[in-house]
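Both complexes shown next keep subunit A, but they swap its partner, so subunit B is in the first and subunit C is in the second.
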Partner chain A sequence: MLDRAAVARQLREYVCRELLRRPPESIGPYDRLVSGGYIDSFGLAQLGLFIEEAFGVALDDADLARPEFDSLNEIADLVLQRGGAVR
Partner chain B sequence: MSAERLLEHIARNARSEPDAEAFIFLRGDGLERRFSRAEFQALTDSWASTMRASGLGRQDRLAIALPNGPHAIAAFLAALRLGSWPALLPSSLVRGGEEAFVRRTLGLSRQARLRLVVASPADAHLLERPLREVGCGLLSEPGRSADLPASPTEADPKLDEVAYLQLSSGTTGRQKAILMPGDGVARHLDDYSRFLGVSDRDVVTSWLPLFHDMGLMAGALLPLWNGIPAVILTPQEWVRRPALLLEALHRHRGSLTWMPNFAFAHCVRGVHPRQIQGLDLSCLRVATNGSEMVRPATLEAFTESFLPRGLRPEAVTPGYGMAENTMAISSTLPGAPPRVDWIRRLPLQAEGRAVPEEPGRQRVSGVASCGPPIPNVDLQIVDEKGEPLPERRVGEVRLRSPYLFVGYLDRPDLTEQAMADGWLRSGDLGYLADGEVHLTGRIKDLIIVGGRNIYPEDVEEAACQATGLRSGRLAAFGVEDEAAGTESVVLVVEAGGTARAGAPALEAAIRRAVWDDCELALREVRFVPVGWIEKTTSAKVARGANREKYLAETARSSPNIEPSVGGAAGSSGMFP
Partner chain C sequence: MTLLTPDNALIGLAILALYLVVPRRWSDRVLLAGSLALVARLTGPYAVVFAWMTLGTWLTPRASRRWPRAATAIFAFGVAANLAALALFKYRPSTLHGVGLRLLGQGAPEALGPVVVPLGISYFALQAISYLADVRRGRASPSSGLVEVALYLLYFPKFLAGPVERAGEFLARLAAPRRIDNERLARSSTLIVLGLARKFVIANPLFAISGLGDFQAGDAPAGLFAAAALAAYVFAVYNDFAGYTNLAQGISAFFGLDLSPNFRQPFFAQGFADFWSRWHASLTGWLKEYVYFPLTRVLLRASGGRASAVALVAPPVLTLLASGLWHGACAQLIGWGGVVGVLMALESVIGRAGWARRWRAIGAASVLRSLAVTVGMSLSVVLFALPVPEALTFWRSLVAPSAGQVHPALLPLLGVSLLLDALQGRAGDDAAPARWPLPLRASGLALAVLLTFLALRASGPRVFIYQGF
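Let's look at the complex of A and B:
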């Protein structure tokens, strides 16, 4: 069973390793990644692809453009809503 | 009217074959909108009569802030017909959303004293009130004219050769607008199209934003000039789904495309093999890599990824261009595969000499050739005194051509700085080898992130405003982001003991401000002790020196990582 914390943790690992290149503890679950100036639209696109691969959910353009697609927790919620599963 | 030759040529193409396809505008959901040449002329006519009825006239300045689509191009051409000076701007769909859109558009209307803004019906309501307050008009649909306020500027007969404004860089209120010569642009389209061997069998495919100089030329003017179809995507959809470009190339048999280096990397990283199963890219004849440093690793990765899909290795075409020269300066010859010049790193760093070496040896850097200058471009490499240098010696690139810019709008000081004895000082560093241009770095402090020009002072200024720190205590500079195939921006901040305790909050405030003002995500905000930042003798922040210091510290703290980008062009050592 996949819970929010587990999804957020996996997202955080990816975001910190691949997009920000900084230690995982430097980003909190509520930090605003997009509107807070951490990742740009290219980072967002990479993150979208990662989510589709890692959790097997389909995201459309509108999902990535939503203002709620911002913090790790918010993104994790969306993944769970779409029935994401660890592959 | 200075764009006469360009407009006449386009009109002649439309008359000769009115039913031929001019544009196919694609949307991510698969919908497409097609225009024949005659239909596109009709759309342009309708914008022109609306603008004329609104009172727009010669040398009036206007911004066209429409999404990538038919109206942006038609409104632009319509404004050219009236002899007014259009500048293409982003709509609210790109970078930063509605808030940034309003700030950007209003900022330009004040700075450039615009008489008119053209925005989409969806965006227009955001601008109605603020534009009225600054005395600027607003149009959102062809056929719906509006009485424009009196023109805030007067026509200058000395500037009759100017056709339009090309925005090149700068944050809100400090945009650099290039005065583009109408005849020069037509001549450039002619020369460059011949160089590429453009024929009526060619099809252009472009995802580039039309407000970008390469986007306007490649996506609109070059296809219109040559009477060949252009398949246009939107940048925001392409960024999220880079496979869209490859699908469009396949489906419409696209033969020509242009994009910055990072976009080639994005196609490699952002496309899943299953998305491109069954695609045939053998139709692609020239995929120009331009508008930022060409990275050899990106060329290799792109070719390797798409070879199985029929990509011809010689289609990948490194080039060098600048809006100040309309578009292209040099380009690899069509049909020739990209070339990488392998040189020894030490003589390059120490003496600015490009000494050839076998690839794969230690301390060897690969520099992509950007090909020979296109015909009618004179190019020199010069030393600090402006004396020409022989081949394989690094110096500043200077050029002369029939299509040089007229100047920067309302900034004669900047125009003067950019020129030396009739030559344009590019601010780029490079060398010639076998007559081909090889770029190694930059004299100017400019940072190019994904083909977009960023001035470090704008980033520092935004951070100062947000934190109250004095300007000498911050330094912004670009570092190579090898995976993304472009530069990313680091900000070093001197913070005393008390400020460092609040570092996370300070960092958040800085990031937010830089995002808002420059629409940029910083790669790192690094706090350093007071006194860390290197200054020049005139007490200015020495960005190059600070960059070196940052890279050296980064290398020491994580010795397994080579910070200076693996030696591709643009690696740290190539900056003087």
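Let's look at the complex of A and C:
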């Protein structure tokens, strides 16, 4: 059973390893990834693809454009809301 | 024709008075009737076109429910019809004029008047497409009433120049309870005063100082003088449009309806993409959602999720070319879109290098980054103001020896604009002065009103630049 912390941890590992090239502890669950300047729109699209593959949820373009699609916790909530599961 | 005339203000007040006294179940109808009256005043005979386009857009989801097996084709037709209307009315008005002349025969020139582009058509078409897309994706109800959909498309505070609202979000706001209390009235008034001040105290004098729009080849300012003319123009366009947005938000808030934010201190941006998420943000958001993300995701999937050169470069260039085309089908605006798109693509490619990541992480360099972005964006804005040959001459003139002198009011006006940005940005709210202590709020707003009145007397009204798009 996935919980918010587990989803956020997986997201953080991906974002830090693939998008930021930084150690995982360099971002927190409430940090604003997009509006805070950590990742750009292209990184956001990459993150969207990762989420679809890793958790088996469908995201549409409007999800990526939402202002709430910003912190690890917010994104984790959306994943759980869509019934995400580890693949 | 502009929204800011005494007659339109009186009509707006009459709509507000009626809106506040009728029962809630009638209030949207009052708002729609008032919006239709103002749209008819602003667009003349084209109001009929808007009415038909509204009806067609509203009917599209209903037709798709009636014939579900043809739903995709019906939605595609609805989107294509709106794009075709935009193309015909915005890009080929002379063709339509010719058809009208042939249909009406003798006396038609007087009946039709001069060739004009109907105001608001660009904003209308984007929002109509948003409605169809949101219904198709389940983000808006296919059974929304005609009054609600028409109000979404024709609501008068945002009709001329946005913000470009997303259908799902705006229709949800229409359905929610509306609160009109002292706090909201204070915010509305503050936004209106600030919007008018940005327009009349900052933007109009800066347009006059700049003279960039009237620049002719052979009559070039040079060096520092040219740079000053460009800075004045860029800040004038910003204050003109940000002022319009605050005005529209303030007027709309009187009706208990919030409009989306459109500007977030663009001259403090840390990159070109960041700049566009802060400038005309509602249009940028629309383009991201309906052009950039679909393109990027298709290309990313094709490259197995890797950041290939095509996936990095093609989407920003094509998206900004679309933005240029939306602003106008002429070489200078499409060229402007292409230049900005290339800047954003370069930023996206270079930004993945290790040294670029380290540069972005240096907090102390944020002012330098903002300055570099502002200079880059300002250079591209030359194409916004001038046809390509004059723009080339102007760019060359920037590195020529200086001639002329900088207007003494330029730096103070830029300073006031940046100070206002800093105040609004720090509070994260354009209506921040509404929360200041009473003496400070009263004296600040009184000063803004006084300066607006004096500026209006000195320079007279001037239409908002973005209603031209």
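The rule is short, and it goes like this: the second predicted complex is superposed on the first by the 87 of 87 C-alpha atoms of A that agree within 3 Å, B and C clash if a C-alpha of one lies under 4 Å from a C-alpha of the other, contacts with A are read in each partner's own complex, and residues count from 1 in each chain.
In the analysis below, contacts are C-beta pairs under 8 Å (C-beta built on N, C-alpha and C of every residue); 3 or more make two chains touch, one makes a residue touch a chain.
For clarity, every value in this text was computed on a predicted model and none was experimentally measured.
After overlaying the two complexes on the shared chain, residue contacts for A:Gly56 are found with neither subunit B nor subunit C. Applying the stated contact rule after C-alpha superposition, one finds that A:Ile39 touches subunit B and leaves subunit C untouched.
Looking at the shared chain after the overlay, A:Gly48 reaches both subunit B and subunit C. Contacts of A:Pro29 after superposition: neither subunit B nor subunit C is touched.
Touch criterion met: A:Leu64 reaches subunit B and subunit C at once.
In the superposed model, more residues of subunit A are touched by B than by the other of subunit B and subunit C. Taken together, the two structures place residues 20-21, 37, 40-42, 45-46, 48-49, 53, 61, 64-65 of subunit A in contact with subunit B in one case and with subunit C in the other.
If you check the complex, the residues on subunit A that touch subunit C are 20-21, 37, 40-42, 45-46, 48-50, 53, 60-62, 64-65.
Within the complex formed with subunit A, the subunit C residues making contact are 134, 137, 139, 166, 168, 270-271, 273-274, 285, 288-290, 292-294, 296-297, 300-301, 305, 307, 311-312, 315, 348, 351, 354, 357, 360. Within the complex, the subunit A residues that touch subunit B are 20-22, 31, 35-46, 48-49, 53, 61, 64-65. Interface of subunit B with subunit A (complex): residues 28, 95, 236-237, 239-242, 262, 266, 269-270, 272, 450, 484, 508, 511-516, 520-524.
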